[in-house]
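Labels run A, B, C and D following the written order; every chain starts at residue 1.
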Amino acid sequence: MSDWLGQAIASPALALFFAALLVAVTPRLLHGLWLVGVPAAALALLFALPEGMHGTVSMFGHELSTLRVDGLSRLWGAIFLLSAALTGLYGLNVKDRLQHVASLLYAGSAVGAVLAGDLVTLFLFWEGTAISSVFLIWARRTVRAHIVGVRYLIIQVISGLLLMVGTIIHQRATGSIAFNTLGLDSAGGWLIFLSFGIKAGFPLLHNWIQDAYPEATVYGTVVLSIFTTKLAIYALARGFAGTDLLIPIGAVMTIFPLIFALIENDLRRVLAYCLNNQLGFMVVAIGIGTPLALNGAAAHAVAHILYKGLLFMTMGAVLYRVGTVKASQLGGLYRSMPATTVFCIVGAMASSAVPLFSAFVSKSMIQGALGYEHMAVVWVVLLVAAGLGAIVPGIKVPFFAFFHRDRGYRVKEAPFNMQLAMGATALLCIAVGVFPGALYALLPYEATYNAYTLSHVINQLQLLAFAALAFVLLYAARLFPANVRGLNLDTDWAYRRALPALVERFRQSSVSLRARVMHVFSRNGSRAADWLASAFGLGGAMARTWTTGVMLLWVIVLLALYLVIYY
Amino acid sequence: MSGWWLVALVAWPALMAAPIVACGRWPNLRETLSVITGLVLLAGVILQIGPLVDGGRPDILLFSILPGLDLHFALEPLGLIFALVAAGLWPLTTIYAAGYMRGNREPDQTRFFVCFALAISAAIGMAMAGNLVTLFVFYEMMTLVTYPLVTHHGDAESREGGRTYIGLLMTTSIGFFLPAIVITWLISGTTDFTAGGILAGTGIGSVGAMGLYALFIYGIGKAAVMPVHRWLPAAMVAPTPVSALLHAVAVVKAGVFAVLKITVYVFGLDFAYQTSATAPFLWLASFTIIAASAVAIYCDNLKKRLAYSTIGQLSYIVLGSAMASKLGAVSGSLHIVTHAFGKITLFFCAGAIYTACHRKYVSELNGLGRAMPLTFTAFTIAALSLIGLPPMAGAWSKWYLMSGSAGVEEYALLGVLALSSLLNIVYLLDIPARAFFLPGDAETPKGIAEAPAACVIPLCITAAGCIALFFLAHPIIDFVGTALGGPA
Amino acid sequence: MSRPPVNTPRLLSERAARIPAAALLAVCLMLVGAEFAYEKHPYFGFDGFFGFYALVGFATVIVAVLLARLLRPMIGRHENHYGEADPGIAELDSEGPTDE
Amino acid sequence: MITHFFNQMPALVVVVPMLAAPLVVLAHRQWAAWLIFVGACWAIFGMAFLLFVEAKIAGQVSYAVGGWAPPFGIQLVIDPFNALVLLLVTGVAALTSLYARASIAAEIVAERGYLVYALLLLCIAGLVGITITGDAFNLFVFLEISSLSSYALIAMGPKRRALLSAFQYLIMGTVGGTFLLIGIGLVFMMTGTLNMADLASRLPPVADTHTVQAALAFIVVGLSLKAALFPLHVWLPNAYTYAPSVVSAFISATATKVAVYAVFRFVFTVFGVDYAFGTLPLGEVLLVLSAIAMIAASLAAIFQTDVKRLLAWSSIAQMGYIVAGFALATPDGISAGLVHLLNHGLIKGALFMAVGALFWRLRGSSINDLAGMGRAMPVTSAAFVVGGLSLIGVPATAGFISKWVLLSALFEAHRYLLVAMLLLASLLSIIYVGRVIEALYFRARPDDVTEHAHGEAPLGMQLATWALIAANIAIGLHATPELGAAQRAAAGLMGGGT
């Protein structure tokens, strides 16, 4: 029994890849089994695996450990597999086989990366997530999605290349490819850090998230929101736990995306900004590096995957039924989509860390860890971010989508499988909030924490209620930013506008330089050709049939030359 | 005795050219004969693997052209790998060519298959060349026998392309390659490929070695290091199976194989590294990699885009050679294999698309993915392999090239290779993405379907090869690495 | 999907909306009142001041929203600013309804 | 009997063609004339081969004409150097004899056909004589025999311009002959002997005199004219272009080569290396002229519209290669020059024969006439392609061997500028050969001529052409014997002895 469990073949990732193959070749009727059943089975497999390094494969003189099971990887693997099952359920009604294949490959790659015991294996799966996920964007089948997809893939591959280069340099420096604490002591470490940072949405490197996620398909966005960024968080937790630099980086991440989210019109993009802000909490926690903080990061990742997935699911349902998720076009949907409305509110409350909902039990661990380490400034920053998080997405998303002004859409409720998936996810959001003990039991490190102290509950409620109050006042005073069609510039301007312009400029100048050089060449070349033709051509001086006299002249000249030289 | 095997392998396809001519009137027979010739050749080459892995080095001096200059065949691992690639992909190309040539009703098919056979004979001859002169003989033979293939259509356009093709290749080979060989012979007294090189200890200085290496690289125009790359896009006037043969298997690989072989067995890695004879080509190859990719992005003609992609990819191998390290040489030889599989798949796809719907511009491919799923899936796989993404074979060659760059402490090369990957995404992966996900244009005629099976099956096989090699790259690395001394 | 006239009144101006608003106000007052009723566990000290969390929540939102209002004219652009909109997709071209 | 025959062979090589000529005139009938021609040519070829072997074994074969011992009588000498040239001349002659019948039948009025055979035989006799004679004055006599017969042969060309070309050639040839005679006269005046070996031993004491220096100048210029060394080449393009095909083929392969042989026979054997190249800067002058010849003549060839003329210009360039090799005056250089002398004979012979075959079919040799002939005459066209490749110097052909040994010699002598020139000239040759090949294969036949311009040339023409092509390839693959012979010859020349 346990013989094969230690082999690379027993990887849950492979199970998902196999499911992808099955989806590709079997009739639609069976897809539910593969999309939901296989991730669930893989989850069981993950827990059947004993802790330790498994699946050792010897390749190119490296010992690759394709299957490392410990607390951290098991938790991440578990939540990835769980959400793979949930999204599989959510996407059951999608007819496009390709999206299912891509999402299973994507989930499999993410699980594989989480279970990777060494940097080479990590790199392979890391690139796997990039390649498979881009199809979820392209599957939107619009010109814009095509462009966005290419852009997204390039950024993902940059991250992969940085990881590859970093690994190579790291290996040369240390002789090891083990994926453990890496640190920033070497160039290799820095490159890997940057690689993780891109996928984790570090400030200035973040914009691919907001660029790509809202352009994917209904189903694709939900899947995308789960894996890539949380994989990066896992990698940071594994490789850079306790790196001080992460604390300021994370702190910035918690605030600035929310400002953008406030004035963003596309609600899925609003969610993408908020996703970025939540990553900030986890990054800060990893930067602190204490067992409590790391547990907090892990717990928050779990909670975050669930509620953010739920929110994206509801917005997906809206997009599916209404055809748009632009706040400026929406309103009053609670009449036609009541269940979705409820699920969205649950998601929003979970996201805002309302007590009894999931984020409350996880986010407060991070806040608590900061407090214990006496990091006052960052603590305040995170508190501010938590307050603001109650508005976006907490209020902004459900309010403008489902209430606000009725735009008169009378659409059907979301399809049944979507409702089922949303319901299950919502239930989980609440369950985690109500019974945090189950989650805490799974956390990788030894640290006890209790979220439900009286003062904590009251303080949190104060924060949220007064934030909501401020919103109501601002809204009534018509000071809350109106939902206007348009887009907001972000760092993507650098590579969507500045870089192409620069490249075009360079191209123009090199084209004209080339033309000028060619002109000089062709002019002088044709002059030379003319000269050659006149000298050697048929009537040319050299090739013409000389008269006998001229020939004799040459004979004389040559003879004279010889004689002169000899004398 | 085993040396005669090499002669037999080189001669076999050339000898079979005669029966192929004789069967010109019966196309089925002619093509069956071609494929059988290819399979027999492949079997013969495969039989060499065992002895070589056991450390055997078959060797035969056939006769001397001039005193000290022999027609000398010898097989070593680099050559075996090139021979395997050429012999392995040739039967597939033949099958594909049969489908393509018939599908497009091309004229002069017999001449085509004969030249094909001669070209592969030249490729095997190069692979098994035991000295520079033998290499040169077959190098020139390949240029000449592929010329009728390039100019197959015989119109003004192909005449112009053929002129550039043969003009540039002959100019460089006679103007630079030949003098380089003569110089090598004069200073070292031999042109035999020798482990550890033959130039060390001849008293040639650093500058001299650098100059000689430059003569070699620019003399081997088939390696297409800028600015002697122009022949490659010019040769795109050829029918697509020719492009596949030229740009994936025989011609271009012969060029970079020669570069690799000269670096390893004429200069010797240690000597090249100590004199930094190869160092300038780290940067010249890098320039070629980036510049070719940049040009490719702006090419709307699919085959031209692939041609520029080839130019860039070839310089990967030149780069590997120029590292003058074992890792560099190993990665270069691995890339010969992986690029061959990737690029031949892409050309097969381009030809299949042309056969199915006569489109040759990238901008015309929108929406074709639904009609030709196999072709475009294969295209995707090959494109990913060339970009260097797992789980495709190209990932390993890129990995090893990067390791090699780090090994010689040229970290800027890592950036070059990385940038090249990104540019590859833009100009290669963009194509299947369009085909699969963008709506087709209004005038897309209904009823477009996959090309004939003879076209589609080979490209599926080579695409599968791109994936299989990801898992099988390991033996190649070990094999070449061991041959160069010690573990890779 | 059907779309009646778009000029339906804003939700908050309806009577129904006043009830939750009032409830929220009541909750807020209760929570301030609770300040006297429980034992605080401040990490630093300043977080133990009266109404600290309420103040932070309220002020944060006000300041952030005002900041965002300032930011919008600077970075707001037309929807097809980058020229990547799909040709022939009417949804982006038509002037849809907006607030205000 | 057999020994007697062997002993007389050096004389027979000259005598057989010379006697066959009047026989041909007597026979008069075309086929009989041809049969005699073939017999004579193959006979001397066979003898030349035997002599070559004999010279290789013995080092040198000497024959005193009429039993008069040298230095008083005329001596025929076959050493490793001229044995090779002899082999070339007689070999090409033998193949020409196969080629001649159809070609002459097509190009020459039937009644005058026998004259061509007779003149060719005289020309052969003259060339053979130049090659093997050991007597300076005798060399002049044979030169005149070969020259006079070639003037007549060229004049028999099918076009009217042939007469003018022959006349111009006659004037130039006569001037050259006169110069040679003056030179020989001067030497005789100083030494009192005409035997080359004797001259070599008697010249050194009087070498510093202006008379001897002038003699060298006259002899070199006179023979250079015959060898068409730049800038004394101008008679050559017209002569080759307007001569009958068989004459072009034979003369291009042999006449200039023999003249070059004669130049260096005098320079090395009579005057000696040290004198000509050490005391006097003959080497530098020749190197400069040969370099100019390579480039200028190749450029001129590129612009030609007539294939025969194009090949003629190419010959002038190739003479530059040969002279460059000899003028290095190193063992490597001389053997390289000699190798190319032989190889170029084979290459040009093959190419002119191929063009002659095309001419046989087309009655024209302009590039435009050749359009599309690749399909109409595939075998002949293929021969031209292979010959062209050999001219370019593609490996596995004789041209490659030439290029290799020349490059080696030039590198060894540190003549890097000449290396560059040689390579440049090779590249130019790609262009002019390429132009013809493109015309053959990539241009359509003009519509009006398709009906009669199909079908291969007669077997004899093809056989001769392909025999030369085969020789090209054989040498290209295995040139060791040829180079060995050339090296022996070079060693002999450098040693100064005959």
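Brief remarks on what is shown
Note that a contact is a pair of C-beta atoms (placed from the backbone, for glycine too) under 8 Å apart; a residue touches a chain by one contact, two chains touch by 3 or more.
Note that the coordinates shown come from a computational prediction; the quantities given were computed from them, not determined experimentally.
Ranking A-D and A-C by contacting C-beta pairs places A-C first.
Between the Cα centres of subunit A and subunit D there is a gap of 79 Å. Centre-to-centre, using mean CA coordinates, subunit A is 27 Å away from subunit C. Annotation: 37 Å between the Cα-based centres of subunit A and subunit B. Subunit B and subunit D have centres, each the mean of its CA atoms, that are 44 Å apart.
Among the residues of subunit D, none is in touch with two or more other chains.
Of all residues in subunit A, those touching 2 or more other chains are 143, listed in ascending order.
Residue positions of subunit C with contacts to 2 or more other chains are absent.
Pairwise chain contacts present here: A-B, A-C, A-D, B-D [touch as defined].
By the touch criterion given at the top, residues 1-6, 8-12, 21, 24-25, 27-28, 31-32, 34, 38-41, 43-44, 46-47, 51-62, 64-69, 71-72, 75-79, 81-82, 84-87, 89, 91, 96-100 of subunit C touch subunit A in their complex. Listing the residues of subunit D that touch subunit A in their complex gives 168, 171-172, 175-176, 179, 210, 213-214, 216-218, 220-221, 224-225, 231-232, 234-235, 237-238, 280-281, 285, 296, 299-300, 302-305, 313. By the touch criterion given at the top, residues 532-533, 535-538, 540, 542-543, 545-546, 548, 550-552, 554-555, 558-559, 561-563, 565-567 of subunit A touch subunit D in their complex. For subunit B in complex with subunit D, the residues that touch the partner chain are 63-67, 69, 71, 133, 136-137, 140-141, 144, 151, 154, 159, 163, 166-167, 170-171, 174-175, 178-179, 182-183, 185-186. Interface residues of subunit D, counted against subunit B in their complex, comprise 389, 392-396, 401, 403-405, 407-408, 411-412, 419, 423-424, 426-427, 430-431, 434, 438, 441-442, 476-480, 483-484.
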